[in-house]
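Please go over the structures that come below.
Here subunit A shows up in two complexes: once beside subunit B, once beside subunit C.
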Partner chain A sequence: MATLPGAFSANEVLTAAKLNLYLDYMADLAVASANGPGQFIGINVNTKTPFLSKPKSVYVDKELILHNPTSHSKWEYVGPDIELENKKAVLCFMDARTSSTDGSGAQLTVASMYDDTNQMTMDLMNNSVDNLRGGTFGLYVADREDDKISLLMKVGPNSNFTIAQRRLTIVCLEEW
Partner chain B sequence: MAWTSPNGFRFVDGDPITSAQWNTLFKDNLLASCIGVASTAGRYFTTNGKFELSERQSVRAYKHNAVTIDSEWPTDPPGEDEIGPTVTFEHSGSFLAWYQCRLRRTSGTVGYMNYAPVPEGAGDDYSVYSMAVRTARATYDTASAHMYFTGFEPGITTVTMKYGRNSGDTATGDYGRRKLIVWPL
Partner chain C sequence: MAWTTIQTKLPRDKLTSDDFNNQVRGNLAASELEVITNVYSLVGVAGSHSLQSLTYTENSASSTFTTSATSPVAIASPTISVSHAGVFMVWWSCTISITAGEISYVGPQLSGGSVPASIKRTVGTSSALSVTHTGCHLYYDIEESPKTVQLYGWTEAGGGTLTVGQRLLGAIAI
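Moving on to the complex of A and B:
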């Protein structure tokens, strides 16, 4: 970020150097970053420069049937995946059609594909045999600059779970 | 106000500063910035194009009453007062929508009841299966979903929530506490 220009004083001689500082500062304004329509504007507090935040949405229609015959819960990535590309904190919105035929059903959340313990705190659950398509949302915070996230499913012991028509959308709130 | 990039322009000691330079590089550019565009509290900024910002406002609508639907998707509830919820807003070609309702399937053993937004001008570009709140359950659930709409002509658009069962099925259903929120971009 350019240096914040100082104030002018009465009787001060206006110099090109000081005026050029103002030009450099103007070049870092958010409007100078705008490169096309449809993006939110954020500020990187570390560099004090604006960043553009365009939502990213991915959809997977294919039905998956997850079978867990064990007596333990089983975690499995079901997608879709999104690469965060220098995004540190993102609002995540996820929807899916789900149903459960046996056992305690499953929970669905958003997690890092590099570390499944880094998960969004909100999750979606369905332990009914009847299909329901709905969603939830939360805030995901990455712990690495090249993070990639996906829908992660925790299938209960001795459970069969079906998922389809799933959508994941992110809006960046903070960059690295 | 149009933005003029200051990149590549340098003042030089001894050169007179013209009023045109000052007005273009400082006055007009400041008017094109967030502060210059801001007009009303509680709004946010988005890009409207190259070097162009817009002030946007989220919109919302709510219908509390329960309605019964026994038609195919997409349909409006009976009664003109129950149509919707509906919102109208300005955007630069894309918008985010969130929608929620309390719903159940009350008859039929095949098919789903759907609740999803229909923007005017959307045509057949968006499949109800990929974005609807949908149920085959006989008990009430409160469920929500979202959709990121893109590729629209910039301008003013109306989005209306629609209802109905899958084509060819016989299901009927009830919907209540119907919400819609849109963030225009």
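Moving on to the complex of A and C:
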């Protein structure tokens, strides 16, 4: 954890030990770990260390048709998946082509593959039989290290739901 | 601590504790490790030699809002407060439908009426079926900070009822 070294007092002699405290602090600056373009800089406020936040985007083209003939809602992961590795909080953007028939429609959200109750707040909903391309966004906060997230679909009772051309994009805002 | 213009010392210069404290320690105190203290933040530029937290904030609501008004009506929740240095990005996402075949709109407005809701900054639908729509707008040259952002909804002709369900507002200062 980076600690800003103390101030010099008048007449204090500069020693190698004191200079090294400053050099060690400078080695923790973001510029010391910057390794290429296309990244934001975030700060882990708990450890006071910088991290490089590189946006990641995954796309799945294949069409899936989910059929729920039961009288209660059904949850199913439809992908794509993204491993969060050391990321604790990510700003998610998702979009997909969807259509709904025969019932109360379906909702699409971002959820942990280890605990489907840990979800992004906002759902993407389409109660229309028309194929619509839409999207939504939100903050996802992991409750475990090495979490993995995916698009999770909730299909209403007695409903068919078609999904295709779906994308999940993340920007890391916090690391463990 | 404010940034001090970096000097180049000459071999004959006598180094003092002030030199080190201002030139080295003081400038390190202006670095991202000392300035960024909010969670969910990226590093941004506040001004000349000055950094700031770009903190993402969001708020959601799921209560149902309805209106047939033909001019913008405030949707009570959610609201978010954005502290900024003049520029910030707002995203909004909501499920909307309208009973008649006319188009209806949902979009943000800033507190104080300085930047009122406008169809230039909306998502819209003419469908009676609930579908989620998402919009984004970059506000710039906004002088007052913080600013409260709130969603407004209205219809084109007043012949139908706009319904707004689950909604999310998010923002990040730049």
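Before moving on, here are some points about what is shown:
Definition applied: the second predicted complex is superposed on the first by the 174 of 176 C-alpha atoms of A that agree within 3 Å, B and C clash if a C-alpha of one lies under 4 Å from a C-alpha of the other, contacts with A are read in each partner's own complex, and residues count from 1 in each chain.
By our rule, contacts are C-beta pairs under 8 Å (C-beta built on N, C-alpha and C of every residue); 3 or more make two chains touch, one makes a residue touch a chain.
Just so it is clear, the structure is predicted and the values come from calculations on it, not from any experiment.
In the superposed model, A:T121 makes contact with subunit C only, not with subunit B.
Looking at the shared chain after the overlay, A:A10 reaches subunit C, while subunit B stays out of its contact range.
Legend: residue contacts after superposition of the two complexes on their common chain; A:M26 is shown touching both subunit B and subunit C. In the superposed model, A:N86 lies in contact with neither subunit B nor subunit C. In the superposed model, A:S73 makes contact with neither subunit B nor subunit C.
Contacts of A:T136 after superposition on the shared chain: both subunit B and subunit C are touched. Looking at the shared chain after the overlay, A:I41 reaches both subunit B and subunit C. Contact with subunit B, but none with subunit C, is seen for A:R97 once the two complexes are overlaid on the shared chain. Residues 14, 22, 26, 29-30, 40-41, 128, 132, 134-137 of subunit A touch subunit B in one complex and subunit C in the other. Within the complex, the subunit A residues that touch subunit B are 14-17, 19-20, 22-24, 26-27, 29-32, 34-41, 52, 55, 57, 59, 61, 93, 95, 97, 128, 130-137, 165, 167, 169, 171. Within the complex formed with subunit A, the residues of subunit B that make contact are 3, 5-7, 9-13, 15, 17, 25-26, 29-30, 32-34, 44-53, 92-94, 96, 98, 112, 129-138, 141, 143-148, 150, 154, 185. On the side of subunit C, the complex with subunit A involves touching residues 15-17, 20-21, 24-25, 28-29, 31-34, 36-43, 56, 58, 60, 91, 93, 95, 127, 129-134, 165-166, 168, 170.
Considering their complex, residues 2, 4-5, 7-12, 14, 22, 25-26, 28-30, 40-43, 45, 48-50, 53, 89, 91, 105, 121-128, 132, 134-139, 173-174 of subunit A touch subunit C.
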